[in-house]
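Two complexes follow with chain A in common, the first pairing it with chain B and the second with chain C.
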Partner chain A sequence: MLGAEYVCIKTEDDLLLVRNCVRQLAASLGFGVLDATRVMTAAVELGRNTLIHGEGGHMQAAIIMQRNTKGIRLDFEDTGPGIPDIDLALTDGYTSKNGMGLGLGGAKRLVNELTIVPLAPRGVRVRAISWLDRN
Partner chain B sequence: MDRIPILHVGALLLVTIQVDMHDQLATNLQEDLTLRVSETHAKGVLIDISALDIVDSYIARVVGNIAQMSRILDAHTVLVGMRPPVAMTLVEMGVSLDGVSTALNVDKGILLLNKKIDD
Partner chain C sequence: MPETIDKVLHLILEKHQEQLLEKWVASQLHSGEFRSDLVREDELREQCASFVALFVKCFSQKPDTDVTDDVWAPMAALLTDIAKRRTNQGFTPSETATFVFSLKRPLFHLIKEQSQTDAQVTERLWEISLVLDKLGLFTTEVYLATREDVIARQREEMFELSCPVVQLWEGVLGLPIIGTLDSKRTQVVMESLLESLSSTQSDIAIIDITGVPVVDTLTAQHLIRTVSAAQLMGARCIISGIRPQIAQTMVHLGVSLGDVVTKSTMAAAIKYAFEFQGLEVNAKDNKYIGR
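Moving on to the complex of A and B:
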């Protein structure tokens, strides 16, 4: 891990901090404008998910390195009620409240990897990874 | 700053979104525009998003709502100035912006609105 940032997600305004943090990381790694737009958009979608479904939480952003490729890893953790059916939550069009049904499924298509793990005793961690040379 | 200025020019309302769109601002814009369409009897709403470097599904939904509400109040909405990476990201995400007309820039947007109003 080459560097890390921590952003609290308690209000809608915090989503701007999430976006700006990811923007800086993408710029520092030399992401092109399209990939930077993708990962920033995914971060805002996931941050909103943390806020609305997870009842708030935080994002831990890190620059990581694997097989000589750098990437951005975003961990969104909350202490909300959790996601009963993770596969279902990643299905396009699925939504439980206040969403467009695009949050997790939509964000998944904007990054290279998206995984969800339940946390004990409550909450989830949604991990998104976007590599510098994504293709 | 909690309000985005709305310019009334002829039969059109013009909105240029130049600041970070947080959620409350987007909701306020939705309310303000709907009221102004009703007050001014505007026939067209032009929303310029050329300054936005990302549009997430929430903002897209607000724009869609504005277009639908305006339509019910007898006005057309045209979204202009979307950056190409934003367009690609929205499509990849699966956001369709149903019912929202678009144009490449303000000039073309005004032409399109005037054409819709004449029809």
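Moving on to the complex of A and C:
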């Protein structure tokens, strides 16, 4: 791990901090405008999920390295009620609140890897990884 | 549990109140840290007198270290007033807290003089120190709260500033949006748009999102809602300023803006609006054509 940032997600304004944090990491790794926008958008979507569905939590962002490729790893953790059916949550158009139901599935398409792990006793960790060289 | 302070301590304070005040004022004036540039001597004396009087009074009524009790409410009010005034005068929060902490020295001297045993001294110093620490920290909290008020007010003002509705042409409104389009902002944008639509009798609104760094699903939802509200008023909406990276991101997200007319630039949107109104822009003089 080359660097890590921790952002608390308690209010809608904290999503600005999430976005700026990810933007700085993306810029420091040399992400292009398009890739930076993709990972920033995914971060805001996942951060909003943490806020709305997870009743608040935090994001831990880190720069990681694998087989000579650098990437950004974002871990969103909350202590909310958790996700009962992960496949259903990833389905476009499904929402448990009144959103569009595209956030989680959309975020998955915007990054290279997205994994959802339930945490004990409550909450989930959503991990998103975006590689600098995505091909 | 608040610690109960021994019965004699407040009697000592009451008896030597005058002497304590004099010593405190004198020590502050001669400490070298006295900011004669920021506060006048008589004002300082007045603040000290009110503080000592209230301190002794509150202490006599309720001799323990729980300063959150109602008995201490007048003290909280006084400190709020002093802290706010000092903030405006240009004191740092540390200097304001030091004002309260500086009472310790004369007070400790007094307690030492008036106590019989070392154990008694230690115990009394500890207790009085707890109270003064809490009061000193309270001034810092007041300072922070004042700051937060200022920040909140500035935010409000910025919200209003940052959502201007400009009339681009007769019947054509422009709404440049800069920054993040969150729920609160959307509300302000929508209100000012609908109001301007009705007051200017416009039928076309161009919402420009060039200055929006990220369009996520919620931002898209907000945009769609704003457009639907304007359409209900009979206006046609154009969303302009969709940059290439935003367009690609929106496709990946699976967000569609429905049947809203979108343009990549404000210029294209204005051209569309003119066409819709049946207007045409022509050069007045031939020499500009082909430039």
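Going forward, the second predicted complex is superposed on the first by the 135 of 135 C-alpha atoms of A that agree within 3 Å, B and C clash if a C-alpha of one lies under 4 Å from a C-alpha of the other, contacts with A are read in each partner's own complex, and residues count from 1 in each chain.
By definition in this document, a residue touches a chain if its C-beta (ideal position, glycine included) is under 8 Å from a C-beta of that chain, and two chains touch if they have at least 3 such contacts.
All values derive from a computational prediction rather than experimental measurement.
**Student:** Between chain B (first) and chain C (second), which does A:H53 come into contact with in this model arrangement: first, second, both, or neither?
**Tutor:** Once the two structures are laid over each other on A, A:H53 reaches no partner at all.
**Student:** One more residue to check, A:R127. First (chain B), second (chain C), both or neither?
**Tutor:** In the superposed model, A:R127 contacts neither chain B nor chain C.
**Student:** By the touch definition at the top of the document, which applies to A:G106: first (chain B), second (chain C), both, or neither?
**Tutor:** both
**Student:** Of the partners chain B and chain C, which touch A:R73 in the superposed model: first, second, both, neither?
**Tutor:** neither
**Student:** Between chain B and chain C, which residues of chain A are contacted by each of them?
**Tutor:** After superposing on chain A, chain A residues 12, 15-16, 19, 23, 33-34, 36-38, 40-41, 44-45, 48, 92, 99-100, 102-103, 105-107, 109-110 contact both chain B and chain C.
**Student:** Once bound in the complex, which stretches of chain A touch chain B?
**Tutor:** So the residues of chain A touching chain B come out as 12-13, 15-16, 19, 23, 33-34, 36-38, 40-41, 44-45, 48, 92, 99-100, 102-103, 105-107, 109-110.
**Student:** Taking the touch rule as given, give the residues of chain C at its contact with chain A in the complex, in rising order.
**Tutor:** Touching chain A from chain C are residues 180, 182-184, 213-218, 220-221, 244-246, 248-249, 252-255.
**Student:** Quick one: in the complex, what on chain B touches chain A?
**Tutor:** Residues of chain B touching chain A: 20, 22-24, 53-58, 60-61, 83-86, 88-89, 92-95.
**Student:** Quick check: in the complex, which residue numbers of chain A touch chain C?
**Tutor:** For this pair, the touching residues of chain A are 12, 15-16, 19, 23, 33-34, 36-38, 40-41, 44-45, 48, 92, 99-100, 102-103, 105-107, 109-110.
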